[in-house]
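Chain nomenclature is as follows: A, B, C, D, E and F, assigned in order of appearance, with residue numbering initiated at 1 for each chain independently.
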Amino acid sequence: MEEFVKEYLNQGKRIDGRGFRDYRPIEIKHSVVSKAEGSAFVNLGGTKVYAGVKLDIGEPFPDSPNEGILIVNAEFTPLSSPEIEPGPPGEDAIELARIVDRIIRESQAIELEKLFIEEGKVWVVYVDLAVFDMRGNLMDASTLASIKALLHTRIPKVENGKIIRGEFVSKLPVIYKPVSVTIGKYNNNLLVDLSKEEEEVIDTKLVIGVRDDDKICAMQKQGIGALSFKDIEGALDLAIEKSKELRRLL
Amino acid sequence: MKKPEIPLIINGRRIDGRLPDEVREIKMSIGEILNADGSARVSFGNTEAIVAVYGPRALFPKFLQETDVGLVRVIYSMSPFSVDERKNPAPDRRSIEISKVTKEALSAAIFIEDFPKAVVDVYENIIQADGSTRVAAINAASLALASAGIPMKDLVAACSVGKVDDTLIVDLNGKEDNYSESDMAVAMMPSKGLITFLQMDGRLTKEEVLELLKKAEEVCKRIYELQKKTLLERYKMEKEEE
Amino acid sequence: MEEFVKEYLNQGKRIDGRGFRDYRPIEIKHSVVSKAEGSAFVNLGGTKVYAGVKLDIGEPFPDSPNEGILIVNAEFTPLSSPEIEPGPPGEDAIELARIVDRIIRESQAIELEKLFIEEGKVWVVYVDLAVFDMRGNLMDASTLASIKALLHTRIPKVENGKIIRGEFVSKLPVIYKPVSVTIGKYNNNLLVDLSKEEEEVIDTKLVIGVRDDDKICAMQKQGIGALSFKDIEGALDLAIEKSKELRRLL
Amino acid sequence: MKKPEIPLIINGRRIDGRLPDEVREIKMSIGEILNADGSARVSFGNTEAIVAVYGPRALFPKFLQETDVGLVRVIYSMSPFSVDERKNPAPDRRSIEISKVTKEALSAAIFIEDFPKAVVDVYENIIQADGSTRVAAINAASLALASAGIPMKDLVAACSVGKVDDTLIVDLNGKEDNYSESDMAVAMMPSKGLITFLQMDGRLTKEEVLELLKKAEEVCKRIYELQKKTLLERYKMEKEEE
Amino acid sequence: MKKPEIPLIINGRRIDGRLPDEVREIKMSIGEILNADGSARVSFGNTEAIVAVYGPRALFPKFLQETDVGLVRVIYSMSPFSVDERKNPAPDRRSIEISKVTKEALSAAIFIEDFPKAVVDVYENIIQADGSTRVAAINAASLALASAGIPMKDLVAACSVGKVDDTLIVDLNGKEDNYSESDMAVAMMPSKGLITFLQMDGRLTKEEVLELLKKAEEVCKRIYELQKKTLLERYKMEKEEE
Amino acid sequence: MEEFVKEYLNQGKRIDGRGFRDYRPIEIKHSVVSKAEGSAFVNLGGTKVYAGVKLDIGEPFPDSPNEGILIVNAEFTPLSSPEIEPGPPGEDAIELARIVDRIIRESQAIELEKLFIEEGKVWVVYVDLAVFDMRGNLMDASTLASIKALLHTRIPKVENGKIIRGEFVSKLPVIYKPVSVTIGKYNNNLLVDLSKEEEEVIDTKLVIGVRDDDKICAMQKQGIGALSFKDIEGALDLAIEKSKELRRLL
């Protein structure tokens, strides 16, 4: 299989017939979990991930006493792949969650300062990613699911300091729709939306988070290869271009 | 033990409008998880379970291998956002217990002597929880096992039954689960009339236990028919795709 | 050994000469641990288990602010069997603790509403099981030890919100004596009080918790076999019968 | 470091009425745990330890095996209900340290060269804690090892000594342990005069250390006699049973 | 995202007096850890990293072995006293992520095909943290690997760059790290112009990203020269000792 | 190597030429970590250890409401030896930390009662040992580093209950300089400051903590050998003698 994928790539082709700059079909559904304050399901070419948002009342961090708190967690459930062992998140799940966290946080997508409740009390926004099928490019699928879920998150009613689950007072203040575009490098070509089979032969990737105004809000090189300056410049252009396409789906 | 704030039966109807013997809408589907050897999704109203099956596959380290029979492993888990108060994803005592008895319930229906030294892994996840999660997961697991081609004596069908406000009911939702006088989770091989899973708590007379078992059998038989229909449709679909 | 046990059972006999409906000798002692608020030791045919009850002041659960809290934990110490590895409780220990918990809780044996101390403060009743020898039917031995320990538990004195250990003001309000009867199925026979050797050949068991008024307060099927409706009906009759015998020992 | 609320010595008597050199009632028994290769129970007043020995048995994984000598492993633990404030049953740092030095104390007395590549597991549990728990456990471990037939150079006898209210005392109870000026736990092979376990803390002159060691030796010798008597009675009992 | 209490650039100078393109004092040394196969210490001002390399050595258990290439493992950790609020020494999510991407950055420069079935362990520890800790550790790791004789395509040099108060700067200190508009950590093989490590967050235009990358390259080249000089001196010293 | 070391010891010699009662060269530096309230680095014959002291505000223990709290922790980092696996402290690291803790605590070196801040608030003194090279006698190196760090620890300023890191009001009240002297027994000889190679052949050690007034504040036998009464008496004399030498370095 690996040889087959490589042969195609060497010929400038992909085994599923896509162009190097094409995403696979993307299905996005929101509000799919009744108990969550916000939720979304993304199927990106077979890769399936849920994002669920739960809101809780908590203490603010000492250095930002008037701001809400964002916590992102990802579980690669053992359902998702024969290689995933049950247990606490491994380094890949932790990295994924932290990149999604930075994309949301650094893009300033959520107006955290509007999540102040009262002295010493703020909203804690938990974004939990549950992965059920790993068919490549989990990164971009997870960012899409997280932002979609946040866009449909409602803030619950609070009475006497207690959350009334199922009753809502307002929408979560989300003002940007950042997306991630993960770009693989094979020989001197840049590809988007790597499939599972492609990920096995392409070991250098660059995740780029892009905000609505084309600002870059996060970057992370992944894999044991290296990138030239030219690669990075090309990847930035490609990411900005593709980000608009992805954002339209949100 | 906890008192409900509101009565759970009003004018013969349950809080979600159902009659005592009425089951919520059931949805079943097969084959969604492409990486898995078998997978299924089952929902009862707002309770939704996804299950993937991997195996039979080699079991390591070797000292875990049984020489003459295969091993079935089950992990039941709940997504953090599936419940009202965010659930820590680490396995808790409840999940560990459910995994253990579910493993036994499914093992009873599997020809484990057909895959010596190997293991079948059943991974259950609850996406949405509104009561009866363990039985939803068992129903999905049974479908996922069958679709993975694991040799089985019979499908396993499961449901919950219980007693609220002096009334015997079937398919408890979340509120009923929390405030029930008693509840019971049952799984069986319907064609054989054999029970492979039984957990009950509350305060019931012997007669009530037996009556609830009868109700459970009726529901399990209906679920069984749905399971067979779902498998058949999947089989046809796969045939057509060939 | 396995073949030997099976041969006997096939002939309607047990290797130690007991009838299918007979328990082995049971020794129960209470107040055996000076530091515990309540304690008991049970030796059921060689299976040895301590139950110790510790009381602490804690916060009530939000949905039952006027009730005390019950927490049951079981440790299968590595002393108890060559098969037990040191470490946190495994699935068998967790299941045992949770069944004992349900038998106590669902039988309403303890009047938890009498364990209210003051706004936001209730008694937390810890029942800890420490197993030192596993010779079969640990389940019933553990239930007996737990209830015996609770029956002899005293509530300590509280001064300025602090517990005065060793001084007591009243007995723990225990109003029922639920017991568990664990029944094994071999071929079409039902047996009580399986020995270690029998447990190795009989893989289907039904634990039944019975209250003083013959109400069933918990049931759990164990093992990889299956039970017919008739089996269950027979087991219920047998459990109700034997429960009276066990309760007399408390 | 903490100040006692009440003096620990009044008119030459300790808070439980004992004289400085007086040991609490000691009970010893052997063979209670049927599953174990050896077991013993030892109590000093309200301090009570149970110990089981398993082995020598094969050691896995293989890389842990020593080629020329056997391995001794010790786990010291306390039951949650053994102390005033319920103890979390997970091993804490104190238990891990005691397990480590106890392992060394017992290894010194065992002919470990007699079971290469194998392991002897010593599992100690404190049922009731009222001071001197680690030495009670060592005494029981020594009996359990002997009754398991593990080849030993000598029995290991152990006791605690210390200093309270300017008085040197033996066999500290819980209060004395907490409020002592100094305390010391000693284990030895009495017939050889060799110390295999020594832990001390507090503030003592060199002369006080040596005087306490002498007191410990006296107590250990008495315990040693009791241990031998207990083993002999057990041996006789087993003979009669044959 | 957090607002600084004070401006980070005053009259063109940074809070520690540096110019935007000015790097703090860099110290490098090699060979301090006698037990290790290679070791190095690198500091940028009050940021100080120690790294030890062990290997290539056999990798167990065997199923972890790659048949055709060697494995590189990296653990990045911070001493509890290296930061303002004492850090729990257990690995946190940040450390796990840094370890993962650092492993990839170093693997890119190592001829891993030269030690099949074996592992090279790189252990990084931050003694003092005042910003730019991950890049300090990468610089030290690169030196430690080279001094351990691990075959490398090139040394890896690393630095941080960022944007504060609308100014692009290099080598961020702790305060700048916390309050920057954006920051970026870069590692590269300078002689090849290839980037092996890249992490960025904040809000930057594409042009700013590229400009920061250029600044990073300049700093990395200076660090590269220092690394080579440090290795050469070490080599001379070892020669003299012979 | 082992045989070589033994042969030398049998001849009354050590492989590095030292006498049995001689320490290797000792280098001690203090205030080496800018973020710590106190710190020290010790290089004892190649064994390298950092001690860092962090101060925090915490709740006192219920039985000593007016006293500060001391917490000692040791990390044997995997940098320090090929035998150390990454992970939580093993039994050797825990034992080391607990002995250092007892030497500081039982010698009453820190005036803990002066660390009271206000009702319910006291200073918590964390002493963290980070080991980077294990070349023998880590015990004595760690005690030296800990005491040196404590002697140079400053108490930070507190404003509105919050610590102002980097500003200090006073020195930590340290009134004794306890040290540990670890003595190995080989045949009938007592040796101080075992090197790594010697530790591999000498399995019986006695750690002795000695205070400035020659009071013994801690003892611990280590290793699987045994000690006679005479050994202990000799070790006490030797420890008291060498303690003065070590203390002069502080």
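The rule is simple: a residue touches a chain if its C-beta (ideal position, glycine included) is under 8 Å from a C-beta of that chain, and two chains touch if they have at least 3 such contacts.
This one's a predicted model, so the numbers in the text were calculated from it and none came from an experiment.
Counting only chains that touch, the fewest steps needed to get from chain D to chain E is 2. Under the contact definition stated at the top, the chains bordering both chain B and chain E are A.
Among the other chains, C has the CA centre that is most remote from the centre of chain E.
If you average the Cα atoms of chain B and of chain D, the two centres end up 51 Å apart.
Measuring from the averaged C-alpha position of chain B to that of chain F gives a distance of 57 Å.
Our note on geometry: chain C versus chain F, Cα centroid distance of 48 Å, whole angstroms. Centre to centre, using the average C-alpha position, chain E and chain F are separated by 31 Å. A ring topology is adopted by the chain contact network, closed into one cycle in which each chain touches exactly two others. Moving round the ring of chains, first from chain E across to chain F, one meets them in the order E, F, D, C, B, A.
Across the complex, chain E meets chain A through its residues 1-2, 93-94, 96-97, 99-101, 104-105, 107-109, 112, 182, 184, 188-189, 192-206, 209-210, 213, 217. Across the complex, chain F meets chain D through its residues 63-64, 91-92, 94-95, 97-98, 102, 105-108, 112, 206, 211, 214-229, 232-233, 236-237, 240.
Only residues 32-36, 39, 46, 48, 50, 52-54, 56, 73, 75, 77-82, 86, 88, 126, 128, 130, 132-135, 165 of chain F touch chain E when the two sit together in their complex. Only residues 32-36, 39, 46, 50-52, 54, 57, 75, 77, 79-86, 89-90, 121, 123, 125, 127-130 of chain D touch chain C when the two sit together in their complex.
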